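One chain, chain A, links the two complexes that follow: it is found with chain B in the first and with chain C in the second.
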Partner chain A sequence: MVEKVLFIVFAALAVGSGVGVITRSNIVHALILLIFSFVNVAAIYLLTSAFFIAVVQILVYAGAILVLFTFVVMFLNLRQYQSMEQLHPVQKWVALIMTPLVLAEFVVVALAATWTAVGGPFDRETVAAGGGNVALLGERLFNDALLPFEIASLILLVAMVGAVVLAAKEGREFMETRAWADTDEERIPEFVEEEV
Partner chain B sequence: MDIPIEWYLVLSAFLFVIGAAGVLTRRNMFIVLLSIELMMNAVNINLIGFSRLHDNFIGQHFVLFTMTVAAAEAAVGLAIVTSLFRNRQTTMVDLFDLLKG
Partner chain C sequence: MPTPDVTPIIPELILAVAACLVLVVEPFLKLDKTAVVAVALTGLLAYGAAAFALLGQDMAGFNDMIVINDYAIFFKVLFAAAGVMTVLMSPRYLEAHDRHLGEYYALLLFAILGMSVLAAARDLMAFYVGLELMAVSSYLLAGFFRYRLRSNEAALKYFLTGCFASAITLYGISMVYGFTGATNYAEVGTALAGGENTLGVAFATALVFAGMGFKVSVAPFHMWTPDVYEGAPTPIAGFFSVGPKAAGFAAILMMFLAVFEASVDTWTVIFIAFSIFTMLVGNLFALVQRNLKRMLAYSSIAHVGYLLAGMGAIGQSGDLLAGEAILLYLAAYTFMNLGAFGVLAYLKTQQPVTFDYTLDDMAGLARRSPWAAILMSLFMFSLTGIPGTAGFIGKFYLFNAVVRADLVWLAAIAVIFSAVSAYYYLRVMVYMFFRESEEEFVGGEAISGPLAASLALAAAGVLFIGLVPARLVDASATAFQNFLGL
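After this line comes the complex of A and B, so read on.
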């Protein structure tokens, strides 16, 4: 009973802050609301006794991905675009009609279908006796899914190289922007003055 | 007492639809990327719920790989946003309608 009440509370908070993410015009507010939503989802993972996934959710999503977003948002001067129209002129009407329909469809299908458990080998007692969620998850991961695990590391490497190649400036341009840093001339970008 | 699987599915449906609405309606590229993260999270909730229902770890393995792909997608997406902003001085997605290098 307690679990169900907690599930409803965390689910309501996650959905509420999710709505906040797509309605804020300030990107930093949207980012912080998204972090809050992810923390609530991590709490739901804890209720489901997926402890390792809950910790990874906070470390990777809230800790790494959203901090990366925050850094990029602060690199770019986006304040001047806040006053612009935030919604797409045509697609907002399409979304207004389509999203409730799709949501209703999802909910009807989820509630109408009968879900039968196949009864796998790792119920609560087996997991508790076998050393807990983290130990068994790691053991199964490295036995059943070793090749996908290695491919995942390759994907991360490719993404890292790709991000560096895409975000790096062109060679000469980079040297030119660096040049003023070595001289005595003090160059303040104009947006810094605007912010004050 | 376990939480019924339908609750996970309904929560996941809500989060997914919110993310889809964000991708469709917002013009700001950052909010579009954040909405994509929200949709991936909705899928992860489903996988965790079914992993609990079926008493195995396959769903949790899938969530680990989804998170890997989400991290890669965020890194590449943000790099694309940075280079687009450098070239066009804006992040409004509907302004990027020219197929011209």
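After this line comes the complex of A and C, so read on.
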């Protein structure tokens, strides 16, 4: 019973702050509400005994990713764009038609569905017997799914190399080999438009 | 904890080590990047050689997620050949554009690594990470000339449509997982064959088809292709036109024959319908292009249409012949298309400012640079499908397989479109041999060095497959039968 009450409280807070995220016009407020929403989702994970996921949710999402978002938003000073109209005029009308349709679809499907609980291989007892959340998850991740895990790490490496390639300033020796190196003005490659 | 057996991924490990080595060596070099090119080439050759040495092996590893068998090895060797040709044609081209960075080769190797995983995957998870590794590296390579507007446009379009396609594929995969609770191809195939859920499965099939269709540019999901090929560095455009397509078809063959085997009737119709539309769009739009890179982009779409007809034939008859023909066609296509892009890369290296890939720029090429004109003609003949070249062998086996599957009308359509394609391929030769250049040509250097090696390799491949196809026909037959577990 206590769990049910707690679930309703956390779920309401998560959904409520989620609504806040999309209705705030101040983007920093929206981001802080999003962090709050993630913390509440983490609490729901705790209620379902998924302790590891709960901790990861707070560390990675509410912690690292959202703090990074907030920093970027503050650095870029996006507030000046707040007043700008960001929607195409037609979009509003399309949204006006599509939103009720999607809502109706959800309602119809939710009413028509028969809800049954599907038991997976894990419940509280088997998890406890297997050595806990972290041990079981680690076994799955680093034994069963080792190959995709390693390839995913390569994808991250590629993304990092790519960020350097696309963003790094080119070295002086490169600039000097360019055709315009003898002009007085130092030209930055980004502002040079050439034909490929 | 048991140590996993790494035999199935030895070639991939070599490639990963080479790519990381490139990244380590690069900071120590100044303008001369020969060492990086050497590392990349050695890595690719070792990758191909390791794959070749494993020929005849048939084993799965890493919880049955990846296999090494003749099918996977066929594609690994093909990717190694495409990689070597791309690396060889790159250094001078990049130097001419003042952007010769070692990261280029690292990204290329990572893209090949992704393709290699894609072709060998036997599990939806491994399939998806391979696809993403290939895609992320490709986006970066497309936008490698970041100070050029067209390159930026290419990268952005490729990135956005590619992400969209990946998400659609992933949605299809998630539905498959939802229906079956498994990610292994064989397990999923068995579960789908025994289950009901026909509408949902059809929907998942359609989603995976649409997502993969984006990757191999099936019309109407082809919109990104001409823009990306036009904006990407030319060697990379050539690589895109062969590598990810071959990998995509390797995955499509496995997916639709192993995973969606149960809904074969549904997808056969889909493949045949999209085949006709893709041939139509590719060939008709190629007719009106005056930019050679765009023309080759639309022609690559047309070739995808022929390959889809082969997929339709497999679905229709369950005949092995069509599968073998698809592998053969992919091999032939790799050499001829990469060769054509190689000649364009050479011309651009020679005249970085004035050459703009238009037909008019090709005028009088036979007098200025006879070797370039002769090689280009060879690749154009091959793309048309003139006997004696690889393109003819590819088309002959593919259309033959389509006829054998009782789809004579589809083969007839494909042949008619091939005849149409002769117009835009041979028009390039008309410009090269029978038109005079309006501007006076300022002398450039002749084809030499690594680029010559690359073009020689492509030309040798085209002629070898065209004149003595028996070896490759046998190889693709073994590879495909092996894949079906016969």
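Just a few scattered comments:
Keep in mind that, in the parts below, the second predicted complex is superposed on the first by the 134 of 196 C-alpha atoms of A that agree within 3 Å, B and C clash if a C-alpha of one lies under 4 Å from a C-alpha of the other, contacts with A are read in each partner's own complex, and residues count from 1 in each chain.
FYI, a contact is a pair of C-beta atoms (placed from the backbone, for glycine too) under 8 Å apart; a residue touches a chain by one contact, two chains touch by 3 or more.
Model, not experiment: these values are computed from the prediction.
Applying the stated contact rule after C-alpha superposition, one finds that A:95 touches chain B and leaves chain C untouched.
Between chain B and chain C, B touches the greater number of residues of chain A. In the superposition on chain A, A:111 contacts chain B only, with no contact to chain C.
Of the two partner chains placed around the shared chain by superposition, chain C is the only one that A:161 touches, whereas chain B remains out of contact.
With both structures placed on the common chain, the touch criterion links A:144 to chain B and to chain C.
Note: residues 144-145, 148, 152, 155, 158-159, 162, 164-166 of chain A belong to the chain B contact set and to the chain C contact set alike, using the contact criterion stated above. Across the complex, chain B is touched by residues 1, 3-4, 7, 11, 14-15, 18-19, 21-22, 27, 30-31, 34, 37-38, 41, 44-45, 47-50, 52-53, 56-57, 60-61, 64-65, 68-69, 72-73, 75-76, 78, 81, 84-88, 91-92, 94-95, 98-99, 102-103, 106-107, 110-111, 115, 117-123, 126, 136-137, 140-141, 144-145, 148, 152, 155-156, 158-160, 162-167, 169 of chain A. Residues of chain A that touch chain C in their complex: 143-148, 151-152, 154-155, 157-159, 161-162, 164-166, 173-174, 177-178, 189-190, 192-196.
Note for the complex: chain C touches chain A at residues 1, 4, 9, 16, 23, 30-31, 62-63, 65-66, 98-99, 101, 103, 106-107, 110, 113-114, 117, 123, 125-126, 128-130, 132-133, 136-137, 139-140, 143-151, 230-231, 233, 356. Taken in their complex, chain B has these residues touching chain A: 1-3, 5-11, 13-22, 24-28, 30-31, 33-35, 37-38, 41, 44-45, 48-49, 51-58, 60-61, 63-65, 67-76, 78-83, 85-86, 90-92, 94.
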